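See below for the structure under consideration.
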Amino acid sequence: MDALELLRLNLLSPMVLAFALGVAARLLKSDLAFPEALYTALSIYLLFAIGFKGGVELSKTPVVLLLLPALATLFLGLLRPLSGYLLARRFLGVGRADAGALAAHYGSVSAVTFLAALTFAQGVGHRPEGFLPTLVALLEVPGIVLALFLAKRGGGNLGEAFREVLTGKSVVLLLGGLLIGALSGEAGMERVKPFFVDPFYGALTLFLLDLGMVAASRFAALKQVGFRLVLYGTLLPLLHGALGVWVGHLAGLSLGGATVLGAMSASASYIAAPAAVRIALPEANPSLYLTASLAVTFPFNLVLGIPVYHAIAKWIGG
Amino acid sequence: MDLVPLKLVTIVAESLLEKKLVEEIQRLGAKGYTIVPARGEGSRGMRSVDWEGQNIRLETIVPEEVALRILARLQEAYFPHYAVIAYVENVWVVRGEKYV
Amino acid sequence: MDALELLRLNLLSPMVLAFALGVAARLLKSDLAFPEALYTALSIYLLFAIGFKGGVELSKTPVVLLLLPALATLFLGLLRPLSGYLLARRFLGVGRADAGALAAHYGSVSAVTFLAALTFAQGVGHRPEGFLPTLVALLEVPGIVLALFLAKRGGGNLGEAFREVLTGKSVVLLLGGLLIGALSGEAGMERVKPFFVDPFYGALTLFLLDLGMVAASRFAALKQVGFRLVLYGTLLPLLHGALGVWVGHLAGLSLGGATVLGAMSASASYIAAPAAVRIALPEANPSLYLTASLAVTFPFNLVLGIPVYHAIAKWIGG
Amino acid sequence: MDALELLRLNLLSPMVLAFALGVAARLLKSDLAFPEALYTALSIYLLFAIGFKGGVELSKTPVVLLLLPALATLFLGLLRPLSGYLLARRFLGVGRADAGALAAHYGSVSAVTFLAALTFAQGVGHRPEGFLPTLVALLEVPGIVLALFLAKRGGGNLGEAFREVLTGKSVVLLLGGLLIGALSGEAGMERVKPFFVDPFYGALTLFLLDLGMVAASRFAALKQVGFRLVLYGTLLPLLHGALGVWVGHLAGLSLGGATVLGAMSASASYIAAPAAVRIALPEANPSLYLTASLAVTFPFNLVLGIPVYHAIAKWIGG
Amino acid sequence: MDLVPLKLVTIVAESLLEKKLVEEIQRLGAKGYTIVPARGEGSRGMRSVDWEGQNIRLETIVPEEVALRILARLQEAYFPHYAVIAYVENVWVVRGEKYV
Amino acid sequence: MDLVPLKLVTIVAESLLEKKLVEEIQRLGAKGYTIVPARGEGSRGMRSVDWEGQNIRLETIVPEEVALRILARLQEAYFPHYAVIAYVENVWVVRGEKYV
């Protein structure tokens, strides 16, 4: 398959189309709206299911195989907030608090972007490593903590923010699911597969429909925050994505695995990070970081980024 | 029946603050509170999208001096950075001793 | 299978029985209640899934095959509000606003009645055309608009009501799902089938349980609105149902397809129409139109109507 | 398999682990929380699905086979509130109202404990009788009514409480599902199996995650109510469990069936009973009965009790 | 425009009581009411866990004598055993006759 | 601390009207509002079934003249055909300038 064919394949997946439908619904001012409980239920389901599947895979993986990829992920988790912070200070010219807030988002990871990349890689015919969800959990936390540290150097209650991130629901569900999957293994999987595995992509499609509406309701803010933020929200992912692919390749991941790690590295958090930032850096402007991660970076990765990281992975690995 | 006059303080705030606010008002002397999830709009824009979290509407019946302490604390630590408003009303209750 | 056997088959389907359970729960004053979010989640799921399945089928259907059935549907969409309006004025003796409100409901379509008819037809062994959901979307809108027009001749903000209907959540989900299904085709279907197709009838069963409770809570209003409304709510469906079957037959639909089109034509909306009517015709009495469509026509079609339309289809087509 | 192996099997099932994760999340003060609508939706789904599956099985069971087990269940339903009441009066030294409240909980049944036992028995390789859900419905009501009667002897509005229990949502869903399953039989089952049967254990896993959080939020109350309550909440289940196994054996149940009946008999209600008790015995202390049934007995049965009842069943039956 | 003074009675109570409370206030003369689901904390502990049920916040606009009757009834039959509070406020409405 | 007296207007209305009502009050001078989903019963019968939609409870803190304008507008365009009520109360806030 050539690059264009892959882009088409990605664009015409139910998930990407559902995201587009959500955007369209909001732009058309439709009264379509997901009840908050449905959104929360879907996110609980998705996070736990990712973790669980990863855990079952993990129970079949020798630990040594995990070592290098885990180190690579930690490296990404520490480097990305730095680049995010610096670029925000220099290129966007914002203050410490806003730069720290952005860095926390681009230092963490978006589980949905991870899933979209996984689906894409599998759709293309690769078989990404089964332990990748473990890496998602690993990538989620350190970036946020480091970014808050950068912003607060000296003052503030970092401890509280740290606790907040570690016991945040996304980490608890991901890691908890992972543990449960690892402990109950194939025998457990057999019982709950028709709930946590088979309908997974359908549920994700519905979730993306909602995400599309949320992202679109932020488009209006784009004008206020300006064109530079759009550049920030696309260049940084490209940089982090390429880095992720490369580091993944070095750590011995397969072509599919490197693609997915690239997408993870390119993604910006919008579940764990916003909550932590709002508590630890209340003076940062939510319009800035939410718009960048939700209305710029997420759609960019979903539509263009993932095929690009795949192309990079092929180019490096092939 | 004896009706006792007290103050009802209502706080509308972003929901992330719930735990903190509850701790604050209890520390300042409130014996109870009632919370209702809400959405709304003010000077900091619309608050109804899931991602930024919604608002909560917290109300607590307290003696006047506690009401003033709560408002003072909000003004000092919350009004500058967070989406929060607060207002006070006069209410009458039956069992006055329950609230002091 | 003879007629009685078919009626029995219909009555003993989990869906019809779940509706009856809902009615019973309400009459017994049970505290059973669906959270609003569950009801909304189920309706989002059902509408999107109908659309999606229809879209995938559509991607395999040559457009020419669709032409005649689509025309037939449009014809039904324009004729039915007229008969609904006239019968309301003459037979019920209500004013313009109330007649327009009733006409909007009986001019639109009930997605759940459509599904019940589809299930019935498949259960009997027919294979209704795959593009029928497209017709549901087509039938939903024009009837409402025409009816409002009838009621308001001259004054009022029809434009707003028209926008309301077109961007209403049921149309957005149905048409959006259709589009996504058509674009992503079989490849997309494969991914999400265990979510949008396999569990569909079970979710519908749960939805009907709730619908039964809602319908039953309207039974009390039946006494107020009187016996004529009950006649209106059963004769009109019979008329529209026969018409729908006949027109479907002329348009070349199979026996199963004509049965389903008949049921669609016989049905009364209770999602899109009430919202539009409440905005455009606030002076109309909700007790009248909601009771007729929810407490009379819907159960009538579910229990008796569908087998009758099937009998008519057999009689015309055989 | 020896006893230890069975215990391990039980402890490492996704369901028990999910419960533990819920407990951990609460102890860690995580912000993870299920929306109320999700909890309600899951409980509606689970109760209806249990009933429905039971009903379909019932439609294949000759009534005579059911007679003895039903009598045995009724017997348990009448005896258990008595023992619960007496032990509460003598051993805990509480007043009439509190003893009646506890008796109502330990006289009724926990559907989730039933499911956990069923899963366990099937996991071990037994084939428990298909009509067991019928027995759950039978066991739910009489114990509560008798217990309230014990507490109120003479005064109060027992009638209201009785209606409350009979039309309570758990009874309506269980019995309603049962009826629908029995009437629609295998043909109905085929349609809705991918919704009500296949994903069942996964949904239960999610439900147990929530239940873990609820139970953990009661742990703090344990200190107040004291050590005797913990004893009450473990000894009574052991007694009732052994009794249930024995009576089940006498009534001709298979080894798996007797295990499950034992677990049912050992369980304490936390859906139907609390609601009924709060209305009929408002002067009883909720801290007492909710803590005992949710924070002591339920986890005890889930983790230790079920394997123990299985061992007893083997010992009696083997 | 004529503004008519009336009383607003607000009751916060455990949700199990909803049906009963609605019957009571209607029997005592209330012509309408508005209910919002709530959670809260008071002398009977936290009420936010699903199992014990949440609270409701019921408000009804009534003439003064009805307000007093409602409070008296609550004090007699509900305050002792249930988690309930109630308070009264002064409000002004346009269509006064609607509420009597 | 300076407490500034203002008016709190509360509107209970069928939820379909949300968008319209928000536009109206903003046009008439309200600087913010808070909405809570509600159910209820009044002269137009029970409003708790999903199909007819529930109610919303909208509150907005405004100066007195804005409050009067809002009530007048409701009386003119909403009370006749829709299930709506509204009432006014006295409240005190800290940052008075925020609401005018």
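Going by the order they are written in, the chains are A, B, C, D, E and F; count residues from 1 in each one.
Everything that follows uses one rule, which is that contacts are C-beta pairs under 8 Å (C-beta built on N, C-alpha and C of every residue); 3 or more make two chains touch, one makes a residue touch a chain.
Bear in mind that the values here come from a model prediction, so they are computed numbers and not experimental data.
In terms of the stated touch criterion, subunit C and subunit F have no partners in common. Common neighbours of subunit B and subunit D, listed by label, are A, E. A turn of 120° superposes the CA atoms of subunit B on those of subunit E, with the angle given to the nearest 5.
Contact tally for A-B versus C-D: the pair with more C-beta pairs in contact is C-D. Mean C-alpha position of subunit A lies 41 Å from that of subunit C. The geometric centre of subunit D is 36 Å away from that of subunit E, both derived from CA atoms. For this pair, subunit E with subunit F, the centres built from the Cα atoms lie 20 Å apart. Contacts with at least two other chains are made by residues 36, 89-90 of subunit B.
Chain contacts: subunit A has residues 35-38, 40-41, 194, 199, 275 touching two or more partner chains. Chains touching one another, given as pairs, are A-B, A-C, A-D, B-E, B-F, C-D, C-F, D-E, E-F. Against subunit D, the residues of subunit C that register as touching in their complex are 12-14, 17-18, 21, 24-25, 28-38, 41, 119, 194, 198-203, 205-206, 209. By the touch criterion given at the top, residues 1, 3, 6, 8, 22, 31-36, 61, 89-95, 98 of subunit B touch subunit E in their complex.
Taken in their complex, subunit B has these residues touching subunit F: 12, 36-43, 55, 57, 68, 71-72, 74-75, 79, 85-90.
Put simply, subunit C touches subunit F in their complex at residues 34, 36, 39-40, 210, 214, 217-218, 270, 274-275, 278-279, 282-283, 286-287, 290, 294. Note for the complex: subunit A touches subunit D at residues 35-38, 40-41, 44-45, 48, 52, 163-164, 167-169, 172-173, 176, 179-180, 183-185, 187-188, 191-196, 199, 275.
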